[in-house]
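Next up: some structures, all given as structure tokens.
Both complexes shown next keep subunit A, but they swap its partner, so subunit B is in the first and subunit C is in the second.
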Partner chain A sequence: MNKKAIISFNVMNFIPKIIFLVVVVLSIVFIVKSFVVTDIDIRSAEAYVLINRIIYSPYGIAYYDKSIDRVYPGIIDLANFNTQRLEKAIVPVEHIAAKLSLVNQGKRIFYNEGTYNNLYSMLNVEGGSKEITNELYVLVKDGDKLKSDILHMSVVVK
Partner chain B sequence: MNKKAFIAEALVDFYSYIAFILIIIVFFLLFSIQKCSGPSEREIISSFEENNAEIILLNYLRTPILVEGKELNFAELITLISIDKEKYKNIFYQETEKFFRNLDFIKGWQIKIIEEKKPILHVIRGSDCKEYEETMPSSKGTLKVIFYECEKSLGAIGPTSL
Partner chain C sequence: MQKRGIYRKAQIEHEFYYILAQLLLIVLVGFALFSFVGAISQGTLYNKNYISRDVALIIDTIYASPGDIHYVYPVDISEFIINFKKDNVEVYEELKLYEKMHPSRISYPILVDRNIALENKIVSPDLDINLKYEGFQLKIDKVGDKLIPDKNE
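Entry: the complex of A and B
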């Protein structure tokens, strides 16, 4: 065999080895990718953070005693239960909205109503929004009276 | 290339395929063990559930009820129980049952009252529970009210009195 032929033979000989190397590299990439979690869904956490802000904030719907600077998180002041106050306390953002209902009182308010309706319509769409609901036993302060009620919260997050 | 060299190279290739398959199996096992040893998805929900249960207990104690024509709340009724248990325990059972019947999102529950480390009342309507407690003053020292939020309901099996 002349020198040129030897070189060609060696190159030809390397082709299966290169294919084998490609298979090895692709396998490693596939294995690593299939086990490493890259999707982080924090929508539930975001929703619960919003719920807590609504319940615990002195500027939210909770009863707030100015004289002792204390918030009563489980007591809802009926005078504070309105959309304007809620949206003033928590500046509306595009990707999260909520609907709050007092079941016994039959009252309903929204945080970010337009966004809520948009996101709610995209609930069952792939890549759409997610709804997180929460129910809480609350006391409603109507003047000097305390009344039992259930606060139903529906939060939708994009 | 002579015949001997050709056979040797084929043998090396064969072992390299075996080695590759072994590496894949080892990788797979390593990642599987890692996946089983700890959750890849971590939930941040439990602390929010605790907040809910604490609010339920606080509101339970603040809830107004009618006792002998007077408007009291559960905290005041529990204080009365520590003074005269026989007189007030039935009202307590009835009102507590009524209270939790309205909360259909709670699967099961228990309420336990402890006075100076001694249990004086215990109503059991659930099992597999997490406990939350509040302490308040009484005529004999301190009263501890423990609310258990349970995973399983036991239904109405009658009050358990200590």
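Entry: the complex of A and C
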């Protein structure tokens, strides 16, 4: 073979090596990147934190005895069960909202009603919001009377 | 005969440069791959994202407590600076990045409680003699109607 033929042969030989090298490099990059986590989904945790805050905080819907500075968990004060109390306690934000209903009493309140309706409409959209629901057996304090009820909670998070 | 000798020498030289070029390519690609993997392993984006969300959720949880609380965040966050703002928590890597409002800061919103005041504060580690950040833990105290974040000494 002459010199030109040898050079051509070597160049031709090099092309599959380059292709193989590219495939291997891209595979390594793809495998490394597939193990890199970029999204942390805390929507469920955030929803439960909000629920617990509404139910157990002295500024929420729970019965709170000021004289002894005690919150009674599991007892809902009907006088506190209103939207204004929730919005007075927690500043409304854009990414989370809640709806609470007392089934037997037939009462319903919202934290961030406008946002709740917007996010609720985005539930079935890809990349939209997520709804977390929960139910609790509670006692409702209406004046001096205690009645049993079911508290249904729905939280939507963007 | 002489012609053949020169031809053989040229061929060896050609082969040598050909192998040298391949070795150089291997070194370059190897260096690039190691740098890429090293950059991924040292990346702090996930850590900042995690810490900002975790601390924001902790603040939301502490807001709900009926009494006083003293909470120490168990994770060592010595590489980061946490800025407790009015309605969110921001996490930075270095003080100078914060000062220049670098986009590498990560923040997450807090559900602000109107009845409890969160102290706006920047909590950052100290530098030791070797100009490395000392390990520190974050503590959050709820005293009455105030929420006070600080370094746990």
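In this section, the second predicted complex is superposed on the first by the 139 of 158 C-alpha atoms of A that agree within 3 Å, B and C clash if a C-alpha of one lies under 4 Å from a C-alpha of the other, contacts with A are read in each partner's own complex, and residues count from 1 in each chain.
Please note the rule applied: a residue touches a chain if its C-beta (ideal position, glycine included) is under 8 Å from a C-beta of that chain, and two chains touch if they have at least 3 such contacts.
Owing to the predicted nature of the structure, the values given are computational and were not obtained by experimental measurement.
Three-chain overlay on subunit A, with subunit B and subunit C fitting side by side and no clash.
Contacts of A:V125 after superposition: neither subunit B nor subunit C is touched. When the two structures are aligned on the shared chain, A:N52 is found in touch with subunit B and with subunit C. Greater residue coverage of subunit A by touch, when subunit B is weighed against subunit C, goes to C. Touch criterion met: A:S27 reaches subunit B, while subunit C stays clear of it.
Applying the stated contact rule after C-alpha superposition, one finds that A:V37 touches each of subunit B and subunit C. In the superposition on chain A, A:L139 makes contact with subunit B only, while subunit C stays out of contact range.
In the superposition on chain A, contact of A:M12 is made with neither subunit B nor subunit C. Of the two partner chains placed by the overlay, neither subunit B nor subunit C lies in contact with A:I68. Once both structures are overlaid on their shared chain A, subunit B and subunit C have a minimum Cα-Cα separation of 7 Å.
The residues of subunit A shared by its contacts with subunit B and with subunit C are 28, 37, 42, 45, 52. Interface of subunit B with subunit A (complex): residues 13, 16-17, 20, 24, 27-28, 31, 34-35, 40-41, 43-45, 48, 51-52, 55-56, 58-60, 62-64, 102-103, 105. Of all residues in subunit A, only 16, 20, 23-24, 27-28, 31, 35, 37, 42, 44-45, 48, 51-52, 55, 73-75, 134-139, 146, 148, 150 touch subunit B in the complex they form. Put simply, subunit A touches subunit C in their complex at residues 3, 6-7, 10, 17, 21, 25, 28-29, 32-33, 36-38, 40, 42, 45-46, 49-50, 52-53, 56-60, 64, 69-71, 88-91, 93, 95-96.
For subunit C in complex with subunit A, the touching residues are 7, 10-11, 14, 18, 22, 25, 29, 32-33, 36-37, 40, 43, 45-46, 49-50, 53, 57, 60-61, 63-67, 87, 109, 111-115.
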